[in-house]
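As written, the chains take the letters A, B and C, and residue 1 is the first residue of each chain.
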Amino acid sequence: MLLLITLVTFGIFFGLPKLAGQTTDQLAASYVGKAPTQEAIEATKERLGLDKPIVVQYGNYLKGIVAGEDFKAGPVTDHCPAPCLGYSFRTSQPVLPTLMDRAPATLGLAVGAAIVWLVAGVATGVVSALKRGSIWDRAAMVVALSGVSLPIYFTGLVSLALFSYKLGIFPGGGSYVGFSQDPVKWFESLVLPWVTLAFLYAAMYARLTRAGMLETMNEDYIRTARAKGLPEKTVITRHALRASLTPILTVFGLDFGLLIGGAVLTENTFSIPGLGQLAISSIGTGDLPMVLGVTTLAATFIVVINLVVDLLYAVIDPRVRLG
Amino acid sequence: MTDTTPAAGPATGSGDAPTAFLEVRDLKIHFPTDDGLVKSVDGLSFQLEKGRTLGIVGESGSGKSVTSLGVLGLHNRHNANVSGEIWLDGQELVGASPADVRRLRGRKMAMIFQDPLSSMHPFYTVGAQIIEAYRVHNDVSKQVARKHAIDMLGRVGIPKPDKRVDDYPHQFSGGMRQRAMIAMALSCDPELLIADEPTTALDVTVQAQILDLIRDLQEEFNSAVIMITHDLGVVAELSDDILVMYAGRCAEYASVEDAFHRPLHPYTWGLLGSMPRLDRERTERLMPIKGTPPSLINVPQGCAFNPRCAYKDLNGDKSTTVRPELVEAVPGHKVACHLPLEKKQEIWESEIRPKL
Amino acid sequence: MNGVRLHMNKMRPIAALAAGALAAAGLAACGGGDSGGSGSGPGYGAAIDKIVNQSDKKGGTLRLAMSDDFDAPDPGNQYYAWDQNFSRLYGRGLMTFKPAAGKDSLNVIPDLATAPGQMADGGKTWTYKLRTGVKYDDGTTVTSKDVKYAVERSNFTDELQLGPKYFKTYLVDNKPAYKGPYKDKSDEGLKSIETPDDNTIVFHLSKPFAEFDYLVAMSQTIPVPKAKDTGLKYESSIVSSGPYKVDNYTRGKSMTLSRNPNWDPSTDPIRKALPDRIELQLKQNADDIDNRLLAGSLDMDVAGVGVQSGTQPKVLTPQQKPYTDNPIQGYLRFMSLNQHVKPLDNIHCRIAVQYATDKVAAQTAYGGPLAGGDVATTILPPSVAGYRKFDLYPQKQASGGNGLDQATLAKAKQELAACGQPNGFSTKISARSDRPKEVAMAQAIQQGLKKVGINVSIVQWPAGDYFNKYVGVPNYVHQHGVGMMLMAWAADWPTGYGFLSQIVDGRAIKPSGGNNLAEEDNPKVNDALDQAIANPDKAARMKAYGDIDQMVMQDAVEVPLIYAKALLYRPKRVTNVGITMGYGGMYDYLNMGVEK
């Protein structure tokens, strides 16, 4: 699986630029200062391993994963133990520790936002479905529509301007601190990003939940539940909502998996040093190993999350259980 | 079966508490839609005593199921207009608060649905669903409720109920599922049991077992039972009285004996003609009713059955202009048809009966 | 924006930088404002020619942010102007730009050295004496060998490639060629840098170079102890020789500086070292940075390229405008006319273009006077030492704002007639496809030229290939008849030589990747450049730069369009704020402090 992921991503990031006409000289030249001499370019190509055929480069990459890699930083040689995802072209840092350094911020952002959007989105969706056609339903769906339509860099900046700079309730951009450094500040700094990011998703989940609930509420077993004399609250939460969760879970798996690979816009807007920001800046500087690393990590996340989702299906829906 | 006079009649919304255990008076259930008002039930009245079984028959869309759901108060008041009166054991339900009706549901009146697979929640065990039904009306611990559930499953004939109680509906066979459904419906000893096509989704062999079960249980619990079906065989098997519904109204009301042997409504004749009989020649044995059931938005003028009725011309234009009221043509036997009684009896004896 | 950044490392086509909002220009250039505030208090443009909010108050935390990252914080591996401005907080090179505002900031003054370089051998030998008692943050003493080592590692190794390579170009090389300290482990190293004692360093150049003091003002002379050098990893364990030490640097996140206990103010007459702590946040959202500056939760955007376009209206309100400056930013946007593309081989046709190019329209296309810049008439921007104001091809706008007036157009037509093209001619104009403002500029020029019958078609190429594959390849230009090429340029040090030598010197014409797009190869210009840089007399040099500028303009091969400007914001909490022209028209970070 991982092999396939690395092969595909490697092919895309190392192979495609060549097909598109970018020469290794050009790539190397971007890691040399202004007015690079051919000599400097050659030296850089050699240092980055770009002088070798692409198959050999991939072989070295795999070798690094299995056996680790040595990196010549000049007077010292750095060893990157297996699994080594190579060294950044741009920053000369080993890729994997950089990813691990960035992952907690993204993870914290994604998990928090996911909680907010699940709670808010599902609750809104349920209420909307039950009060279908009411003012509440319409208002909620208008808000949901705007949530889906408004880009994060807009809602993010507006919320920063309002809640941070104008009202001073939450700390402003760039206030992110690691959880291990100061959990309280960590929480405070993430409230706005969570809400902003969750706004987008909550909107989608509200619509999804509403549709799912409307469908489920027509199911025979809901009628049965009512016929048993269950209070409406129980009917909705225990019977209808649980059955509506399956499609939500499916989408959630995909969304969350993607998000963990980097909430690019949110991280950029709130200046959170996560994987998404790393991905963007690495793409910007043509830092192929880092891009490859982020992509591989993201792909791995998505695979793992989908596995977890599949397992969760079985928890939610006994019909899916094996054996 | 015929010793009791069927106590039925178009009560006219007097508001007085009736003497019958269940009495429905002029029940109307209308659904406003974008296309128009759907009159699913339009002025239905009947009575039912405990220990007795009423069979409601009719084609799909005739209002049978809507009626039963109406009795249980399961229509959403936002999209259904329910009027008339439903008296259950001296308590009026149409005007009662939803919470009051909810407390009666499952306890005093319960329902068995047509498709046990879709009617049971796929994510909860059979036991959990019965336990839930029991505990909502009985303040007992989970253990007690579980014991009761196992007991109920045993009583409806599920083998090894203590094991099967933890199975999910999809792990049951169709018949077993319906038994479980019945166990759930009966878990609170309801005095009124509504069975909506309880055997339609089942194998023929299983059908008989389920019907036996319902009958046995009825005797045991002395419940009033409403058996909703389009299958006259089931009605003949189980019911004391029959209510034939057409286009949301009662076409004929009679004891089983009368309904099968002396039916008075052309629609009932049609239903009987549609019944498969093994003792007839293949070519003759089915006489399907022509045409399709009417739209409940645009019910035909006059008698709703007139477009499909072979005898409408015998009444001049009455059948297409005047709606026939349900009248007691023969004691204990009501019918809504413009044909004179003698004419009806004559047609039955001469034209219909011989062909059945 | 990211597309731009890929090429930001590569300073060559500074033009590249120009368009990007993030662009941190080349080292040199500019400043110099047109609208200095009056009176003693700060006001709009007040910091352009003087230090405002002066203070000696110590303490507090200076909170800085940037939307990007260093190219490298390692002084031996950096190029950006802001990097070099900033790295002086934790490192002391031999010389540095004077912490001042306006023209004064173009002067280089001794930092680690006790005095400017002692020139000998006709400008080929430069000797510096180091101050005594300068210590690293680990308490060890700075020696001249560390300076030599710093120059060697930054210019001669394969690993540290991001910085400029002027020392490699001008210093006498070993025989065989010196391979840098990582490959060449000899004690001697580069023989042309001598360290007769721990406080003396001597540089031997291959040709006279009168502006060597500017070269040693680059961060590459910030000393690095050989034993502490870890090559590419050094950026995370920098040894400080300045008033602050680097507590922490994480790529893409932040850098924090605190006081270097071993820094001795008596050895450092130019630094005030006011804040106790300096926090620099990296990779911050650019729009959010502006908001935080306005809200007072941030003290400075160190990129120094101005506020985002969306912020401009917010800072131009009556309340905020007194806290803004609109300095010239070191680079020139111009149009090169290739001398080998007919009919531009005829000087009269080139002069016709000089007259008929509507510079005001070009300025408007690039964002107007505030965000675009001032209309240019010379190749050297006013922010470069040696700038002389002149205008060989004066233009007038028609009253009513409909382009150039009839008199100007008549001059152009007259030149066209002299060129033998009385009805005009056709050629191509190039712009970078991923620079919308540059393309808009090309369109504006196209419209203007049409009035005299010069029909140009616009050709566009991506910035990444612009110089390597297209306009910087003379063969390509000739074959495809690209007569006019848009670009921008800033210098690596703010003198006429630093600015002109790469774009008008005939010896800078390369088969590909060159910047002398006009293929200007005037022997008189070439000689004048050689003579100027060899001339120890500063005043004479400065005069020569103006002359050279004028000579090239007489050849009419470059059409200056605008001197780029930016709108900068200085929060009121910040003290000692002035625009340094030494680092391209941004605020000088050396002595910034904060009011509590």
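In this section, a residue touches a chain if its C-beta (ideal position, glycine included) is under 8 Å from a C-beta of that chain, and two chains touch if they have at least 3 such contacts.
This is a predicted model, so every value here is computed, not measured.
**Student:** Give the chain pair that accounts for the most C-beta pairs in contact.
**Tutor:** Greatest number of C-beta pairs in contact occurs for A-C.
**Student:** Give me the ID of the chain with the smallest distance between its Cα centroid and the all-protein Cα centroid.
**Tutor:** Per-chain C-alpha centroids ranked by distance to the global centroid put A first.
**Student:** Can you name the chain that lies farthest from chain A, using the mean of each chain's Cα atoms as its centre?
**Tutor:** So the chain farthest away from chain A turns out to be B.
**Student:** Could you give the separation in Å between the centres of chain B and chain C, each centre being the mean of its C-alpha atoms?
**Tutor:** Their C-alpha centroids are separated by 91 Å.
**Student:** Could you grab the centroid distance between chain A and chain B? Build each centroid from C-alpha atoms only and quote it in angstrom.
**Tutor:** Inter-chain centre distance comes to 55 Å.
**Student:** Go ahead and note the Å separation of the Cα centroids belonging to chain A and chain C.
**Tutor:** The computed centroid separation for chain A versus chain C comes out at 38 Å.
**Student:** Can you list the chain C residues in contact with two or more other chains?
**Tutor:** If we look for residues of chain C contacting two or more partner chains, we find none.
**Student:** Going by the contact rule set out above, which residues of chain A touch chain B in the complex?
**Tutor:** Where chain A meets chain B, its residues are 219-221, 223-232, 234, 238-239, 242-243, 316-319.
**Student:** Can you check the complex and tell me which residues of chain A touch chain C?
**Tutor:** Touching chain C: residues 26, 29-37, 40, 43-44, 46-47, 72-76, 78, 91-93, 98, 101, 153, 157, 160-161, 164-165, 172-174, 268-271, 273, 277-278, 280-281, 283-286 of chain A.
**Student:** Can you list the chain B residues touching chain A in their complex?
**Tutor:** By the definition above, chain B touches chain A via 69, 72, 74, 102-107, 110-111, 113, 115, 118-123, 125, 132-133, 136-137, 168, 170, 181, 184-185.
**Student:** For the complex, give me every residue of chain C touching chain A.
**Tutor:** Contact set of chain C toward chain A: 1-3, 5-7, 9-12, 14, 26, 65, 68-69, 79, 153, 157-165, 181-182, 226, 229-234, 250-253, 281, 283-285, 287-289, 291-292, 294-295, 297-298, 464-465, 468, 492, 502, 513.
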